[in-house]
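Here you go, one structure.
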């Protein structure tokens, strides 16, 4: 028995690799595109993956949104952290089902969505954000992705401290990650992971220095480059344009403070 | 209350970024290294992250192994798929807690370990391998990582077909992925994901062609390059040596077969 | 005594890293830009490197055009080979002052300009192009760069053969380089170099195969990625956007045909 | 009439892409390799590109050394600047036949060899080196490559000043390039180029800052990554290992000092 689209489900209408639309299947709903309109409620009862045509004959595929779709559709014009970086944050950062994770800042909730997806069902994300207006956007994005229940959104300034203790990971995507290093050491379990994403090398230098003097070990800084390959018979080649840089990711593990 | 090391736990003894040792905390166990020996049973009762010295005074840190440690320690001299590629396979492939995933081939279980970690507790991995001798190694690696219960190891040739149906994802790390494409389409749910890792561009070309004629859509091929950055005051620079290529990853989503 | 700008000289008016204008210093000439107009003939008699203002107060610098400027300004809307690839073609291809080089196709003369600059004064470039309309554009570009005298432009189809013999290098930037391999072997001196630039891996595969069966050795294929770094106090990072691919370059050296 | 090997010529004996030997063709000379010995004087009178066998039957090809061979064979165990970086230094730095170039430090003369090759016959390289013992090695390497006559080797400390004036380019491969920036501005012609190669980002930051306050414009920092592709029917893929970083190259052009 395959998944079928039910009233209230989110659907990713895929036209081609560059044009996709995330819509909610609701009765009476119509999606307007420059390729004509699609009657969204016709999708209800169909299987995910079904083909559907606009009134102008353009063919869409009704995919079930993936975690990457939820991440990418969470941007709303702000700078979001890229799926490639999120993938590494999660695996290299040892975040997994059951993990308790502190995050800052929430932003529009793109990274939060991914973290919540991978700690569920028994883990939890504690997400700090000082800008109240972002928290509302994040809440809607988390709700749409179906993971709001795994997240505690906190309108607090993490530079003042972390409320939680014994957490598995602290994940930072903020301008001054080095200020959080001592707080993170206190909040983490022994052997827990510190992860920080920063666009500039200056931020990395400060953060790494702070980690070294705060009993973190196995400090590692990477950047990830993704090349897309255009695979076509007789014309296979990497894409001409490429994202050359998003940011650096710093990883570290908490070692115990030495008792002398 | 922090995690403490108990009898039977695996521990990663970390000397420096290049030298780590995975050992089991057992009474009477001693780890011999070129920096002297470490009495492993002394670790029992200590907190993860604790410092411990060898008889020659070399300092180790007793970390709780991460998912990446389990992946890397699963190689035993064979070629394993890299953590960077596994991270992308999981997130871009939409594999998450609860997913049902078909995998081939099992090999020593490095990728299987990661898949099982991320589909747990309610998901399941069905892992095909024709070489019986590998299945035994994989079983031990999965057991060590504590995820054997989420995996069904199958001594079967996946080119002959896939037993499961309605699965969320099919993940391939094998020499001839293109042969599995029609089987994968039948086994997958609508909108489910096909993921294939291949070292050569020739394999990618054949696989992508097969995907296009078998009702897969949103076919995407990427490669991932990781640069490690050496961050040191006044001497910050990328590492001289780099892994220049591991393989390409092909992703696709199952669209319904068109009924005419 | 510094270089001063004389009537007839080309000048690169530099506004910022993205906006430069190549103009000829002629009496009465005025350059119109969106930042106002610059009286070009005021430059005559000034030193290269001088600052000059538009009527709206925007400051330009009057640089002497570099070889890279001539390459980049030779495009006129067509796809040109990139300076980074040209640099490698020349050095890795052992092209140097005095070299005799066969080139195809000429196109707008961007690569020809660089080849001519580096073989001068005693070397020569024999440049084949079947499309007559391009030869006229190339001639103008070569003349502007001051290197026309080192080039023989030939309106001929190189797939039919190479007129020259005993040349040092054969450089190809064309759709079907593999067809030229046997001609190149005959035209080259012993130990001479074959160089081919191709956007797709399919072209590379065919060319390399042909080289191996035609007594070429030391066959090498590379691609070159350039990352630009934005260096700014406290904000240093690689540029976000990057050219991810231009093409592959194949290099080989002519070995003697074996006599049995 | 093809090039033939004469007494005194240097020859590159090529066994495979990893093993090459540079020898001088002299009567009585024998090259010993782990694949047997080759009678070098048998090569005299043969054409470059000829096949030659060792006494154990291993086949070598007698290539005429290329500029890249001379660069690579100039290392003698020290760190040399890579051909890829030299290629960009030359083209992006606008160094060409006739250029007058100041260089520091000479080291073993690898970069000097390339510079001399490309400024010949009418240009000149003024190369500064404080360590006298290196100058002797450099002299031998330049002599072997046949370009010593285009170079003036200077046993001087460039941080104390540059003797030359009105030069086209200043090229630096030294630990403290920022100290040379004011000297370079005085030594260069208007519109002349400053080029600096540095392994660390810290060096780049200091150098760029100094350039900006010393009337240089069009300051540009790049790094170059070369991927080698293994092209083999059915097994085409980038090489596994790659040089991930050699250094950054900073380019700038001299603008006039503003007169107030």
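Per-chain numbering from 1; labels A, B, C and D assigned in written order.
One rule holds for everything that comes next: a residue touches a chain if its C-beta (ideal position, glycine included) is under 8 Å from a C-beta of that chain, and two chains touch if they have at least 3 such contacts.
Bear in mind that the values here come from a model prediction, so they are computed numbers and not experimental data.
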### Message
Shortest hop count from chain A to chain D along touching chains?
### Response
2
### Query
Taking shared residue numbers divided by all residue numbers at the interface, is the value for chain A and chain B over half (same) or under half (different)?
same
### Query
So, what's the distance in Å between the C-alpha centres of chain D and chain B?
43
### Task
Please compute the C-alpha centroid of chain B, do the same for chain C, then give the distance between them in whole Å.
46
### Query
Measuring from the mean C-alpha position of chain A to the mean C-alpha position of chain B, what distance in angstrom results?
21
### Query
Considering chain D alone, which of its residues make contact with at least two other chains?
201, 227-228, 236
### Task
Please categorise the chain-chain contact pattern as a line, ring, star, complete graph or other.
ring
### Query
How about chain B: which of its residues touch chain A in the complex?
1-3, 14, 17, 47-51, 61-64, 66-68, 83-84, 86-88, 90-92, 94, 96-97, 114, 117-118, 120-122, 166, 189-193, 201, 204-205, 208-209, 217-231, 233, 236, 248, 250, 253-256, 258
### Task
Provide the residue numbers of chain A that touch chain C in the complex, in ascending order.
199-202, 227-228, 234-247
